[in-house]
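See structure below.
Order of writing sets the chain letters: A, B, C and D. Residues in each chain are counted from 1.
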Amino acid sequence: MAQALEVGTRQDILRRMLEIRIAEEQIQNLFLQNLIRGTTHLCIGQEGSAGVIWAMQKGDTVTCTYRGHGHALAMGMPVKSMMAEMMGKQSGACQGKGGSMHMTDATIGLLGANAIVGAQLPIAVGAALTYQVKKLPHVAISFFGEGASNIGTFHEALNMAAVWKLPIVFCCENNRYGEYSAQDKTTPVADIATRAIAYNMPGVVVDGQDVETVHAEALIALERARSGGGPTLLELKTYRYRGHSRTDTAPYRVAGELDEWLKRDPINLLKEKMIAANQLDETEFDEMKQAATQLVFDAIEWAKAEAYPPLEALYKDVYYEE
Amino acid sequence: MTKMTYREAVCKALADELRSDENVIFFGEDVAVAGGVFKVTPGLYEEFGANRVRDTPISEQAIIGAALGAAITGLRPVAELMFADFVPVAMDQIVNQIAKYRYMSGGQFVVPLTVRAAQGSANGFGTQHSQCAESWLVNIPGIKVVSPGTPTDAYGLLRGAIRENNPVFVLEHKGLYNLSEDVPDDTEPMELGKAVVRRTGKDVTVVAIQLMMHRSLEAAEILAKEGIDVEVIDLRSMAPLDKATILKSIAKTNRLVIVEESPHSAGWGGDIASLAADEGVYWLEAPVKRVNMGNTLIAYSPPLEDEVIPNVSRIAQTIRDVMAG
Amino acid sequence: MTKMTYREAVCKALADELRSDENVIFFGEDVAVAGGVFKVTPGLYEEFGANRVRDTPISEQAIIGAALGAAITGLRPVAELMFADFVPVAMDQIVNQIAKYRYMSGGQFVVPLTVRAAQGSANGFGTQHSQCAESWLVNIPGIKVVSPGTPTDAYGLLRGAIRENNPVFVLEHKGLYNLSEDVPDDTEPMELGKAVVRRTGKDVTVVAIQLMMHRSLEAAEILAKEGIDVEVIDLRSMAPLDKATILKSIAKTNRLVIVEESPHSAGWGGDIASLAADEGVYWLEAPVKRVNMGNTLIAYSPPLEDEVIPNVSRIAQTIRDVMAG
Amino acid sequence: MAQALEVGTRQDILRRMLEIRIAEEQIQNLFLQNLIRGTTHLCIGQEGSAGVIWAMQKGDTVTCTYRGHGHALAMGMPVKSMMAEMMGKQSGACQGKGGSMHMTDATIGLLGANAIVGAQLPIAVGAALTYQVKKLPHVAISFFGEGASNIGTFHEALNMAAVWKLPIVFCCENNRYGEYSAQDKTTPVADIATRAIAYNMPGVVVDGQDVETVHAEALIALERARSGGGPTLLELKTYRYRGHSRTDTAPYRVAGELDEWLKRDPINLLKEKMIAANQLDETEFDEMKQAATQLVFDAIEWAKAEAYPPLEALYKDVYYEE
């Protein structure tokens, strides 16, 4: 088990994980109410990935996927900005043009959530290239799922990053399923981290449910990248509690699997550690949860009242114009 | 007659072909055990088994490449690309491989493969999950492309595509999956390359497919009340193109409007306009107008998405303009 | 004035931009140490060093993706795709990423990246190494596409592309690399989107680019002797399109021929014809004709390759037909 | 060292390797005389790959690359058919439509030589899929270079083949360079065979210059595939003596490297083994070489006199027509 973070950090992370969880639950509700159109992909159960974000330094950047709400919130995207984007409002993170699958916020280093599996990996390679060319002390991070490790861009991105020893961390969130397919149906290796060998880069299997372990391993990988040691492939073993998207009820789940994973819920794990260390009690936890709930509900109400973009926005930003 | 949805028609076509020819196989991401992301193909895995109906890894290039390799060695594969927006992911296999394999080998191979993909804007899937693929595919000699707009066509064209000894893209429209109609029980595999006149009229020809075809028919009803008699051609097959049906109509109406659910530049509609300006130039009595997305993209925001895809009133207004022009 | 080849002009443009802006970087397969497969970029690696001029693995998707990532974080990358036939290999990064990145983020990013590729038929490279890429790229709002046809344009447009705060494809023609002319020493980075009239004429407008533009000029000389006065427009920029220059010419000549070095269906020429049939319809006095590859492919065999690419006599004959029509 | 093949097989292979070598030398000449247009990619130095072909059984198939003349000849493509194709003649293997980069002959199981790096790998996966679906006892083989192991299709093809346990052998001819770039400039692993680990498939480094070793390892891999054991990644360590293509003089070569490799020339190695075993003497070898030369020159003269395809051929076979 990783060394304990200091109490303030633990509180911050716990609070943020709660916000992510509650935001995602409400996003599901908004989808069912048709206030969010199209699709949503929730990261409930995978909040331990916040440990990676907490290991970042100013100037570091992220590319991620449609299942990126947690990364965005962990990085500091305001819940309001996210909820407005979810509803396609002008004050959303992407002025309503992106939606649930494309939560992007350059001001916090979130360079884009992508809806094409694997496409975000080479883009992060490009960010890392900038840091190397300009000799900046930044690191690029790219999140992706275990299913994405079977697509060509994964391979090309890891190879290019390894050849150039770029400052980048490839972070696979292995949540056991790609859409409705269990990993073993589509992937001949048990650990995606094994694939690092093909690029002569370190590959590390990480307990994705323990946010402090995640943080510790991410720190090592980020430090390696920052100090010229090149890329790392991290694999966070985790689990998504909800279906793949929309109204998927995940009938394909192995029986009992969800229950097993619930026992190692990332929020609970940290909570219990803090209680054991006398850093938290149930009342305080409830208050925290209450505050997070309030934050999320306020953001939703606010976003509902926000305006849609004007129709002229349709033709804006296809190109940059002087 | 059996009442069925467009979705059911696709599945029935697949089932009938899998049943009638053991060389037909079907694969794609989550098409087998789960029955497809759009729930189009449930039951096929159960009926035809894991050997012939397969889930694949997320590997679009390998999916299309494997379909090609299977096609030239004796199978008749049907591959699904899920969202048509993923067509570009496999574009080399499409442009440089399946389209050219027969030609550059000097005719050594037949390439009987079908690729299915779901396209079109359908309520908020955003910039990367709402596109139509025709205009990306029609510039590639060596492949055929069909875009069914009704359950009957979805059934007949898919069966025709699977039986065709050439690579065929069957682009299904996400927004039509729930559309239902009576499909004649004796519907045969359809020949590719035939347009159909969905509504006869004498004043102006509208060429469209799929959702735009249905919206054009709605516009035609509105305009009928204004005394404008609109002929609506459903192209159905984008490649090959049924030039005769289009020209015959223009010869009659002397006016042409093309409705595309895609950007303007190098869209398939340009070819129809080009045909009119060439072989039909002496008939034209008004500007040939295209109703399409212009040169912009599909945004997630509901009012923006609703605006960018041509709607009934925009189509109707353009037809009025052409009647005035 | 400095006499230089198209090839040298490209290299000089790159060198000048690398020199004037330290954010410009350049990478691709074998472009650095070896100076490029077409020997277009020798010396850049030596002058600008391994940090800014890089050889890549054979990974076209990563090349374009890395260019995008670099562009949105402060560099101004120029990526080479070698043969334009490899554009489809990276098509998702082109269609769904670089073209949409600014838009779908609500304008958060500028995407100042340039992709260079060498296109066109050049003496026997075969089916997979001879294609032109415009018609694959023009249907993608969000990117710009230029196709220089002279050394001066190769220089000015590439510099303009590199300075542009949008993704730009610069398609160089393999068959023109050895073409040389005097390039004015004060040639500035050119604004994208401007066509140029290469030859003024009053009888018929020919729209073309690159090799086809040169062949059209040759055809024009032949026809001049027959009393046909041809105006030749070099589009140079495929997106955005300089509609005004085209329409102005059609208004004068009332006749239009479009020459494409690519297949017919959904080719860029369809859009020019479409423009004529819309905004220019009342001027047209003859069918709008397109000279192109038809819907076939480029074969290796010398007589077949020579036949499929429009040649001077085919262009001239089509112009004669249009004058008669 | 692999067990010796029987003398008749050794003779056949030696003869064929000589034909390949001499044909390639003459192809270069024809290119310089402009009788071959466009480009050529020679496999001189890599003739040991014939060992893979000799391990094939009837019904097995191959996809390969622009550097595929050796595979085609080893598989039995008539030299005449190849030379006519090189010159774009109607009687060429592809009726003149393919050219040097696309030597294809379905009748001998050669399913296509591809000019897009990596594209031939998924196509071979599809052939193997046919054999598995139809329960045929055939194996698909796909040749590619070490440079191609960095492209997305390589990854997707190996992964799909592994997941489905397809009857296929992936055969990397590692000739040290991809175009003008040495392997270590573009690839972070020394052995491409290492990459097999990412697909949980056997990866075998093979001495590509000893055709009998190549044959022996290919036999094992083919047998594994045929008996349901799934794919293998073979890596033949070899070397190309000529430039990448056309008139490339390979100035990028490491000094002395070519000389080292010449010492282990695949033709010479087999010749010396046969001489040592009293199966061959120099006179017989010279006669063999002479016969091969004659065969190649006759084919070239024949091909020169053949007709080009008629212009109607341009529109033929874009589509199959009933």
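Remarks
We adopt the following convention: a contact is a pair of C-beta atoms (placed from the backbone, for glycine too) under 8 Å apart; a residue touches a chain by one contact, two chains touch by 3 or more.
The model shown is predicted, which means the values in this text are computed figures rather than measured ones.
With contact taken as defined at the outset, chain A and chain B are each touched by C, D. Distance from chain C peaks, on a Cα-centroid basis, for A. Work out the mean CA point of chain B and of chain D, and you get 40 Å between them. Averaged C-alpha coordinates put the centre of chain C at 36 Å from the centre of chain D. For the pair chain B and chain C, the distance between C-alpha centroids works out to 30 Å. The distance from the centre of chain A to the centre of chain D, each centre being the mean of the chain's C-alpha atoms, comes to 45 Å.
The multi-chain contact residues of chain B, meaning those touching 2 or more other chains, are 56-57, 59, 61, 85-86, 89, 92, 96, 103-104, 126-128, 141-142, 295-297, 299-300. Annotation for chain A: residues touching 2 or more other chains are 94-98, 102, 114, 116, 150-153, 156, 159-160, 163, 185-187, 318. Contacts between chains leave no pair untouched here, as each chain touches all the others. Contacts from chain C toward chain A in the complex involve residues 25, 51-52, 54, 56-57, 59, 61-62, 64-75, 77, 92-93, 96-97, 101-111, 141-142, 144, 165-166. Residues of chain A that touch chain C in their complex: 61, 63, 92-98, 102, 104-106, 111-112, 114, 116, 119, 121-134, 140, 152-153, 156-157, 159-160, 163-164, 316-320, 322.
Contacts from chain C toward chain B in the complex involve residues 85-86, 88-89, 91-92, 94-96, 99-100, 103-104, 126-128, 134-136, 138-142, 239, 241, 256, 262-271, 273-274, 276-279, 281-282, 284, 286-290, 293, 295-297, 299-300.
Within the complex formed with chain A, the chain B residues making contact are 29-30, 33-34, 37, 55-61, 85-86, 89, 123-129, 294-297, 299-304, 307-308.
Across the complex, chain D is touched by residues 150-156, 159-160, 162-163, 185-189, 194-195, 197-201 of chain A.
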